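The structure appears below as structure tokens.
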Amino acid sequence: MVPIEYYLWLSATLFSIGVLGVLYRRNAIVIFMCIELMLNAVNLVMVAFSNYLNDPAGQVFVFFIMAVAAAEVAVGLAILVMTFRNTKSTDINMLNRLKW
Amino acid sequence: MITNLFYFLSFVAVLSALMVVFSRNPVYSVLYLIITFFAIAGHYVLMQAEFLAVVHVIVYAGAIMVLFLYVIMLLNLNRESEPHKSNILKFAAAICSGLLLVVLVGSLRGTELLKHSEAGEVSSTMGGVKNLGKVLFTDFLFPFEIASVLLLAAMVGVVMLAKAEKKTNL
Amino acid sequence: MITLFLILWPVVVSLTIFIFRPKISKQIALLASLVEFILSLVVIFQFDGSGAAAFSMNIPWIASLGINFHIAIDGISLLLVLLTTGLMPFIILSSFNGPRQNSPNFYALILMMQMALIGVFTALDGFLFYVFWEMALIPIYFICLIWGGENKSRITLKFFIYTLAGSLLMLVALLILYYKTPGQHSFDIQALYAAGRSLGAAEQGLVFWGLFLAFAIKMPIFPFHTWQPDTYTVAPVEGTMLLSGIMLKMGFYGVIRWLIPMVPLGVTDWGFVAVLLSVVGIVYASALAIYQQDFKRLIAYASIAHVGLMSAGLLTLNKIGMQGALIQMISHGILAFALFYICEIISVRTNTRVIASLGGLRTNAPILTTVLMIAILGTVALPLTSGFVGEFLLLNSLFQYNFIIGATGGLTIILGAVYCLRAFQYMMLGKNTTTTTSISDLTGNEKIVLYPIVILIFVIGIHPDPLLKISEAAVGDLLELYVNFSAKTK
Amino acid sequence: MVNINVLITLIPLLPLLGFLIIALNVHKISHKKSSYLACGTILFSFILSITVFTHLLSLPADQRVLSITLVSWIQTSGFSADIAFLIDPLSSIMLLIITGVGFLIHVYSIGYMHDDAGYSRFFSYLNLFVFFMLLLVMGANYLLMFVGWEGVGLCSYLLIGFWFKNHDYNKAANKAFIMNRIGDLGLLLGVILIFINFGSIDYQTVFTNPSEVEVTTLTWITVLLFIGAMGKSAQIPLYTWLPDAMAGPTPVSALIHAATMVTAGVYMVARNNVLYALSPFTLQLILITGLATALFAATIALVQNDIKKVLAYSTVSQLGLMFVALGLGAFSSGIFHMATHAFFKALLFLGAGSVIHALRGEQDIRKMGGLKKLLPVTYITFFVAVLAISGIPPFAGFFSKDEILAHAFAYNPFVWGVALIASLLTVFYMFRLFYLTFYGTARDEKQTMDHIHDAPKSMAIPLIVLAVLSITGGFMNTPEVLLGSSWLQKFLSPVFASASGIEIHHLSHTTEYVLMALVVALTLVVIGIVYVQYVKKGHVPAGEGRLTGIQKVLYHKYYIDEFYDIIIVKPLFWISKTGDTIVEALAIDGIVNSMGRLVTGSSNVLRKLQTGSIGFYIFIMVIGIIMILTLTTLTGVAGQ
Amino acid sequence: MNALLIVCGLGFISLVAEIINLKKGLHIAIVLGLVVAVAAVIGDWNTSATFFNNMLIFDPFSVAFTCLIIVVGIFWFCLTSPFFIGESHQTDRTALIIFTMVGGIMMVSFHNMAILFLGIEILSISLYVLAGSHKESFFSNEAAFKYFIMGSFATGFLLMGIALVYGATGSFDTSEITMHIEGHKAGLPGFFYVGILLMLVGLAFKISVVPFHFWAPDVYAGSPTMITAFMSTVVKIAAVGAFYKIFGLCFFSVQMSVLPIIQGIIILTLLVANIIAVYQNNVKRMLAYSSIAHVGYMLLGFISGSVKFEGILFFYLASYATTSLIAFGILYAIENAKGSTSIDAVKGLYNQNPFAATCMTIALLSLAGIPPFAGFFSKYLIFGSAIEADHIMLVIVAVVTSLVGVYYYFKPIIYMFSPAQASDKLYLSAVQKAFLGMLTAAALLLGLLPEWIITILS
């Protein structure tokens, strides 16, 4: 039996890598992916707890997260496409006309 | 055995996650992310959440990542076109996320205080289809239904945004 | 009931004017203010002269927070209500030939202002008082903003924020007291008095400063006065009249009604500092007034000096001083009105208020000159004018309070003459200058406004007794409250 | 028999009425009407004053006090002041002088002002002045006296600046008012101090038990009151306004700045003799001030060339002499000199006015001369006045001045010496003035001299009446040594009776005779010198540029005006300017404004945080999260 | 409960309307439908019940907030007809707005973390799209883009928080969580607190407080004006309601662990938002900062822990929503007429349309907290409860920042009353006028007679 801490640490690591990606990259697509990675880290924690507590609710919650993730990705990519039409770029730092 | 498997899967997951971040080409990132997802699915299996593992693979690897690839191809982004952030920013990003990791790990204490009473005898059927289905359609019926609103909204939104407009009407 | 009517009547008329925008809005406004004045006269005739609050009305407003719509009139209130209702017709009348005569908004705002002022002077509930206090700020702000002169937006905004800063401090202080009221918290004045008195000296000191700063900014007392000259200068003349004639009296009223009985220990501990500031203000403002080039600005500084004397006299906590301050408020209101109005008349005719570019007005405008002279004499507190009675009583109390402070405050008598007469000399006397050769004397309308004022200046100066009688009992009661408390704590 | 109270009330009311009627119709009323109205009211007041005076005389000496209360004026919280009048010997004498001399000067003004544009205005002011002056002397309490006190100051201001188109005149008016105000502040504070200590401001209450109050306090009170007197009666250091006040029309100088208003200080000190008697320090102060002023002003007068300026400094000097008397405790002597001075100084001014009138406004004595023949009435009356002021017996000045000198000698020969010098100087400059004006050759432009004519009837009659008074006035208090009865002193004695605390020194008759003779002899010597200098040698004072040494200093009045300018006026304006441009703008308002600038400035800095870059936003967010987690973990808030 | 379903149904109806071509009456139908929903909410008044196996709870708080959301929604719809009518995607936009409201209602009536999460997501996803609904506008694109990236990033933290809390308490049900906390006061694992803090971060993002506010000004400024209005009213009500339900009710007993953090957040929020707002020359952007600042005030009330806080919060949100709807409504009209929301576009408004200027002035005065308008009373209640709790320092900060607030709220007022060409008229439709008038009256009445609203939740 793997101790629950290990899973927590693993997902903390994955979560942090996701955050790293968001901070590190400028390509919007990669950033979306990193956010997915963060959500997956959450999923891992959920499942781990669910398993540990012997409670299916956690796993059910993961379904919702997945649904949301899918919806988000769809919307996000749509926004990306829309923006790309205007700016011809996926660089997040190109979008800085709204400021101050 | 299980522990070793855990280590292996964790290693794969972390490594490929890092590769997602550090790959110059978005397509590679997608592929590495898929590997990460598979590793995570492996973890689910380890935790007897087989059904979830399957759904995970289908949804993430099958649907979401395909969508990513599709958009990358659509926008023709499969080049290393990304401008570089300055090294200082990269360094700062690394420091920040490292700190976050340290803080998270450091503060994730006290697992011994969990209500561990029933644990130890984890039922293998808990993560099964039947069990999950029961919970999903009884306790979580409303969220399940309302998720349709979410998807509908997303769908409507995506159509609205992504559709190319013929005329300027704003 | 009549108190409520006093408050509501201007609102009703104001809204009517604002919404229906009649062509004769100025006449309506004048009529309304006259009706209001008559109402206040009715109050006077029914007033029994005792110290107790009469004409009261107390209905729950926000019951869950212990806030009541509690209004009443006692002698002190009555004087100020009378000042408000009495001055208002003149202010409205003075605008009749001016550039604002066709603006319904203007009259609506003025009447709104009147409502708030009367509210301030009659409220006996801390929250209600605060609300009226703030409400008075809005109309005057807009009057200054819309019809003001050069740089108006910056200056009026400064004025607004400055005074609001004080008000917020007051709100905080009132809230602190409110939460000290026993049982179901209440904003009723008696409950707040009790709460204030139950505090220790240090806390009372804090509350004192919270309240006093609000009042000091409104009056304004040195060194919180710097909004005032700018605002007076930039505001349209009616606004200036409202500000200096009536509005600054809110500060004094606050001190009398809300500060002294509420935190007696605070007043005992810190009163000296406040008096000192006031007296410094007298000398400082008088000195600065000498240098002013703009006549309106000069009057503004003069006003600060007079205000300093009034507040110093008030805070001596001496019956004579309080009475003096009250009568001086009335007198100052009248005189400020007259001075600002004459200033306006001159500036409209010559297109300038700069003293140096005027001169020789007396040749063509002897009546104007005479009226200005009388107003100036009132301002420098010549006996038999209204300014003297108050100033004498105030100096009297100040002198009793502290010999040196009294003597310093007395410098106003000398310095006042210096700046007033200098200005008078260079504006009215001497030979005509190019700007003043073709000036005309007072017109009929202006005479209608100024003659009663002149008469009032003398009447109050010669026979101030009726006014003094009105407030005497109330002031006595109030001071007794204070004295009894300080005696007990000692 | 009309109630005496009504008569008393009418005395001040009539001039007020005259003022109101003229003032309210100042543009409509004809010159004739206004002058008749003005003179008529004063005349009537004068008659009433006489009636009241005789009434007073008819009473026994110790009951010669009439006090009436008209209405209550200010009444609040333990403080009360009524409009009430007090008629006693002192005020009745004052009444007579004010209304009498006032009437004469009114009449004189008819001629003097006849072609002035502000004719009616002038008379209204004069009437107002008389009203306030009457109030001053009749008031039964300090506050009412203060009303009159300030009121006459106002009228003085109005009349000095009567010709308002001339800015120098206006400045003089302002100066007079403001200097008076300095004194007034002292007086007001004194009054307040009286109220604080006595609980009342009624004369009668205060004078009943003055000794209950500590001497220190009494000294404060009396000093403060005396400061008021300094201002009004032009004593050092507040005298500089009086010479400048000559900017007003000459009748004004005669009435206000010679006969009545400036003597208010004397009256006030005399009125408070009870208090002064209890504070020797103040008496010393008064004495020294009076002496200094008398000598100082006399020296300045020696070299002045403006006819009215000479008279003005002479007035200051004479007032100084009156204060010497008061300081010596010889209150009645002070009042006596005040009365005689009112006659002859008014006469001098009116005479000077007549000269000026004849010379169409010329006031410089260097341009006069040789008027003896041309202006006979003026010449004779003026000569009488000069003799009177010089103390030639039996003219009025002789008696009053002699009385003071006698008291001074009895007190201290040194004091006497100084006073004597002052009065000899007076003789010198008066005769200098007299000779330069009326003797020698005519020095004015020929054109003026050709059209010269003596005073018209309205001006001549007052001159003559005053001349008669100047001759006979001294007999109201002929000292016993000269076989008189000291009537005035006796008449006033009830008023000053309670001041008996001061020891009045008496001289033996022999000493008095010697002194008188000495004084008269010295006076004659001085006259001789002046005669030789200005008539025999025909000396005419040099122009300003050629003066040297002491003369220059004297001509420039010891540079006192310049001195005040440097130590008071300039600093005041400097303070005002600095206050406005530096303290107010930079410090007080500066702090307020810099708070505003701080907000807008920091706004401009802070808004740069909103860079628009998502990367940066997320960075901050993550840092925020790390901070939150770290802080909570470290502080252990979330600990177990 | 029924209201939620009705609103859901309205969303579907508007989608169906596209198919069967009923666009014309759609707007009115939606408004009527919402009115019915309000009626349904009022039917639930003073009841308290949970639904769907404790997924939803409709207690007075939820009912009141639901009601507020729908009522504000109705006004919003009435003020924005030009935004829909004659535009392409009319039905899509309508549906998305309705779905946003659905999400909002879920956020104020959840009884389970799943509902909270789904509610937030429904609301957010719809908003991402709405923010970008001016597809050709670069600003709109940017707004949507920023909102999306930052929003989903914050969602990650929220979810992590929920997961950790779940792990520590073993449940998603709020009352079970509360009970578990109560039962294990001494021994809650450290990661539970991490969970709470991460949830705090996630929700702080939604209510946009410093330092998680950066998206707000940009998104508010970039989005179509009426969407901004929607964000600052309906969305804000929902987010603040959710925040309160989580930290005020669910985590009530461990509130102490987050209070210091929230205090810091309040100070930062009040200072930063108010101060930056001073320099804004775009009214819309200024209002964005203002809305951030107002959340700061609400949080100040929150940490004061007054027993009446629910009522205070409700009053605050009601008055804030009322006034900002007025402001945005007029701003929207100005934008339509002049194509800009910069402060120069406001110039001379009084000459161009006195009615609009009067309403706008009252709205701004109310936002600045000047009596007798609603905003004053809400600020007063906040200050009052803060003083009662002895947070004097915070009150002083709040006082100072409200003064700063006056500075920037008055800037548009000054511009409105400065002279300009009267030829540049601004027209408002009768409906707009009517509803603006009603809102203005409400802003005044709320200030004069606040009793009813405050006590509604006690």
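We just call them A, B, C, D and E in the order they show up, numbering each chain from 1.
The working rule: a residue touches a chain if its C-beta (ideal position, glycine included) is under 8 Å from a C-beta of that chain, and two chains touch if they have at least 3 such contacts.
Please read these numbers as outputs of a predicted model, since none were measured by experiment.
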item	value
Joint neighbours of chain B and chain A, given as chain labels	D, E
Shortest walk length in steps over touching chains, chain B through to chain C	2
Chain nearest the overall Cα centroid	C
Remotest chain, chain D as reference, centres from CA atoms	B
Pair sharing more residue contacts (C-beta pairs) when B-D is set against C-D	C-D
Between chain E and chain D, distance of the C-alpha-averaged centres to the nearest whole Å	77
Distance from chain E to chain A - Cα centre to Cα centre, in angstrom	26
Approximate Å spacing (C-alpha centroids) for the pair chain A, chain D	96
Rounded Å distance between chain A and chain C, as computed from the means of their C-alpha atoms	65
Set of chain B residues in contact with two or more other chains	85, 92-93, 96-97, 100, 104, 107-108, 110-111, 113-115, 139-140, 143, 147, 150, 153-154, 157-158, 161
Residue list for chain A, restricted to those that touch at least two other chains	4, 8, 15, 18-19, 22-23, 26, 32, 48, 52-53, 55, 57, 60, 64, 68, 71-72, 75, 78-80, 82, 92, 95-100
Shared interface positions of chain D, touching two or more other chains	596, 607, 610, 612, 614-615, 618-619, 622-623, 625, 629, 632-633, 640
Touching pairs - complete list by chain label	A-B, A-D, A-E, B-D, B-E, C-D, C-E, D-E
Interface residues, chain D side, partner chain B - complex	615, 619, 622-623, 625-626, 629-630, 632-633, 640
Footprint of chain E on chain C - complex, ascending	61-65, 130-131, 134-135, 137-138, 142, 145-146, 153, 157, 160-161, 164-165, 168-169, 171-172, 175-176, 178-179
Interface residues, chain D side, partner chain C - complex	26-27, 71-79, 143, 146-147, 150-151, 154, 157, 161, 164-167, 170-171, 173-174, 177-178, 181-182, 184-185, 188-189, 192-193, 195-196, 572-573, 575-577, 579-580, 584, 588-589, 592-593, 596
Chain D-facing residues of chain B, complex	85, 89, 92-93, 96-97, 99-100, 103-104, 106-107, 110, 113
Residues of chain E that touch chain C when the two form their complex	308, 350, 365, 370-372, 376, 380, 383-384, 387-388, 395-396, 399, 402-403, 406-407, 410, 413-414, 417-418, 450-451, 454-455, 458
